[in-house]
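In what comes next, chain A is part of two complexes: it sits with chain B in the first one and with chain C in the second one.
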Partner chain A sequence: MVWTRPIGRIGRIFSLSYLSMTPLLILSPLILLAALGAVWKARPVHAALLLALSLALIAVLYLTIGADFIGLVQFMVYVGAVAVLIVFSLLITRPGDEAEELARRPRSVVTGLVCTLPVLWVLVHVVSRLGNLPAGAVENPVFSVAHVGQVLFTRYAPAVLVVGVLLTAVMIGAALFAREPGKKPQCPSDS
Partner chain B sequence: MTPLTILLTLSTFLFTLGLLAVLTRRNAILILVGIELMLNAANVNFIAFWRYGPPDPDLTGPLFVLFSIAIAAAEAAVGLALILMVFRHTRSTDLNRLDSLHG
Partner chain C sequence: MSLLDRLQQAAPALWSPEWLPRLPQRLVEILLQYFGAPGWLVTLAGFLVAAATVVAVFLSGFALLSLVERKTLARIQNRIGPNRAGWFGILQPVADGIKMLTKEDIVPAKAEWFLHLAAPILIVVPSILALGVIPYGREWVPVPLELGLLFFFAAGTLTELSVFMAGWASGSKFPMLGAMRAISQMVSYELPLMISALGVIMVTGSLSLPAIVAKQAGFHLGFIPAWNLFTPWGLSAGLIFYVASIAEANRCPFDLPEGESEIVAGHMTEYSGFKYALFFMGEYLGLFAISGLGITLFLGGWQAPLPGLGCVPSWLWFFAKMVVVIMSYLWIRGTFPRVRIDQLMRFAWLCLIPMALLTLPAAAIWHYVGGGLLGWLTTVPLLLIPWVILTVLYNRRMAPATRTYTFAES
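Entry: the complex of A and B
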């Protein structure tokens, strides 16, 4: 597809020049700030909207580093479907008031940090030792959507079939779960 | 500092924030928010290693992310349907109140 090319070219110009890291250095703190808001905000709707912002910024990050197709998919699926789904379930379930959440916070944050900081330490330790990697000098070229399609339906065709079956099962299962129990499903034409 | 390090650091902190959300929140929907953040951290890693790693004509990294996004969408749909079902029974999404199996 032609329309993904300009973004890819911009990404390539950015990544080949000295400025390659500027978009990353700008976007990463923004993503982390939005994610922090999603974790920290006591009001659930704010948390969900900040999650949507964080996911949208990650999509922009993908566009910037040359994974155009993945960025667009991320935008459509995560921002368009998952985040909206979360906001709507918050609307349906009317979550409890945030005073309770705030009262519980000091204890839960201490517990959370005690469990999280070791994980963070291990991950930072691993990332800081990455200097030994032989890679890093090369940059994979930006791919076209045609290439994605070709690889997807030849080499990864079994996986595509499995994901198709999974999505069908999920659609049926989610519809069954969310149905009002005891109510017969009705055709709109019957009523 | 290479672009790879920046992306990996980003995903490290993103994963930690998601884990923190899962451990500290009590609302089931907000725990799902934390899970989404962790999944996205993993996706950022895949893209980073594809882009700044060894040559990869098969596009393993991006396609893994594609499948991961599909499965994450499925997981969110089933998770939210389950939460709706629980809400219908208990009129609450607070996980602390779901203790009817507690002996």
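Entry: the complex of A and C
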């Protein structure tokens, strides 16, 4: 029976055509606004939550173009892990002075522009050199998780290994830094 | 074709008990098709009705559970429990609902009103999203996604941020403490939860929840169901998943984030009225979702427990299993005292996560050996020896020392 066949992609629920520009046109201003808010807000918690919002909206963008795996992983990693990490580190650090932060605003804006404009220039340059993609090549975006996994662990296996080693080293380093030197970890009930 | 003809055509499948939960969805779709609605509208309306069915079923389940939980706990603690509203206290959920709705909605002066408002809403959303992808029956999968399991976990991560928002936006100390506890607990217990689900994905070779259930069909030796729980790695992973799911659902004995006797109500302290009810709704819907996922992964989903019981609609089996799992949660709540925060973290990082990691090679061996006697002979020692060693070590070195009371002992 055709009707009970698995739907598969999330975008299909809304019967989206994956080549439509509408989701991009709706979502990109929202993403930009959230990102700008994340930079502009003086309160770090607001900035962190707006950053999480913009990352979540990027995940929605992925879902609307049929890239479910990337979208869900983006949501899990960036909203579920990175944003929570930022928020948690905000909780255990001392809050800064908001008035001082606002007084420094003009200087920060200039520094930010100096840093970001070259990046923007490089991006525009690269995208403009891509030219038009051949017509029909992206008509049916078929890729499965199995395919992603196969490519990841065969063709890109060295890169995955390098990233794994790097993350393990970072984790061990963080654990070493967090530990107080010369103190054996113990549980309070033993004493 | 007239409406009657269309109904007649779909009838044999439509009116069978197996299709009962999908009846509203199918009827709406047939009606819309009859009136010549475009394809996308038919699909969208069908999904809306399917979502409404799930929400209606689990909201009534929430009302029922709130009564059953109080009654069961009362029974365990040798009390009577609610018995004033209606016969056997059956109208108690209605009374609770009226009370919650008519209460004053208080927003503290120091609270950030927008985040304070958004938090209880955002806590209900991920639970409902997660409930949408679970296969409840052979024909009843509200949203059959290819990546259902990933979607479930991705939706669940939103809970942490909303708990933080609730704690921070309340602008007071107890909610903040509760939010900190909740985030550290959820982050720690999400790891064993996801890792124990990985073994199932490896053996099934799919992230689709209906496929995972289909893989567990059939019986060993004619009467033992071929559920993942009845394999060595599945038993190990299932136990870890069970413990971690209690912690993820913030239930006793892992209910530190809202420990009533320590920090009032944790992140919900500054909430009242309907917003407070929303927190409870999110918590109970999350409980349904996580136990539903556990049933799908390890207890064979909607598969019947014995051969020859296929005549019973499959979704009834699913809900029967859910009742058993949730009653076990209640039993645990009535039995164990709350753990301390350091015990909680130590248990996750020193016991659950290493053992969850060990189920992965066991599942891989099981997959390549193809189960059977050889599978049992290789994976049982691989899992049993570390379990025994860890238990002995844990009991000897990590268990809390016997408490001595200076004044209380005569």
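Everything below uses one rule, namely that the second predicted complex is superposed on the first by the 130 of 191 C-alpha atoms of A that agree within 3 Å, B and C clash if a C-alpha of one lies under 4 Å from a C-alpha of the other, contacts with A are read in each partner's own complex, and residues count from 1 in each chain.
Please note the rule applied: a contact is a pair of C-beta atoms (placed from the backbone, for glycine too) under 8 Å apart; a residue touches a chain by one contact, two chains touch by 3 or more.
Nothing here was measured: the structure is a model prediction, and the numbers come from that model.
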Is A:L30 touching the first partner chain B, the second partner chain C, both, or neither of them? neither
Touching A:V151, do we find chain B (first), chain C (second), both, or neither? first
In the overlay, answer first, second, both or neither for which of chain B and chain C A:L91 touches. second
Contacts of A:V73 with chain B and chain C, given as first, second, both or neither: both
So, does A:A81 touch the first partner chain B, the second partner chain C, both, or neither? both
For A:V60, select first, second, both or neither according to whether it touches chain B, chain C, the two together, or no partner. neither
Using the touch criterion from the header, give the chain among chain B and chain C with more contacted residues in chain A. B
Check chain A for residues that touch chain B in one structure and chain C in the other, and list them. 15, 69, 73, 81, 92
Show me the residue ranges of chain A that touch chain C in the complex, using the header's touch definition. 1, 4-10, 13-15, 45, 49, 52, 68-69, 72-73, 75-76, 79-81, 83-84, 87-88, 91-92, 144-146, 187-190
Using the touch definition up top, name the residues of chain A that touch chain B in the complex. 15, 20-21, 24-25, 28, 31-32, 35-36, 38-39, 44, 47-48, 51, 54-55, 58, 61-62, 65-67, 69-70, 73-74, 77-78, 81-82, 85-86, 89-90, 92-93, 95-96, 101, 104-105, 108-109, 111-113, 115-116, 119-120, 123-124, 127, 130, 133-136, 138-140, 143, 147-148, 151-152, 155-156, 159, 163, 166-167, 170-171, 173-175, 177-178, 180-181
Which chain C residues qualify as touching chain A in the complex? 13, 39-40, 43-44, 47, 115, 139, 143-147, 150-151, 153-154, 156-158, 160-161, 164-165, 168, 176, 179-180, 183-184, 187, 205, 207-208, 210, 340, 342-343, 346, 398, 400-401, 403
Chain A partner contacts - residues on chain B that touch it in the complex: 1-10, 12-21, 23-27, 29-30, 32-34, 36-37, 40, 43-44, 47-48, 50-56, 58-59, 62-63, 65-67, 69-74, 76-78, 80-85, 87-88, 92-94
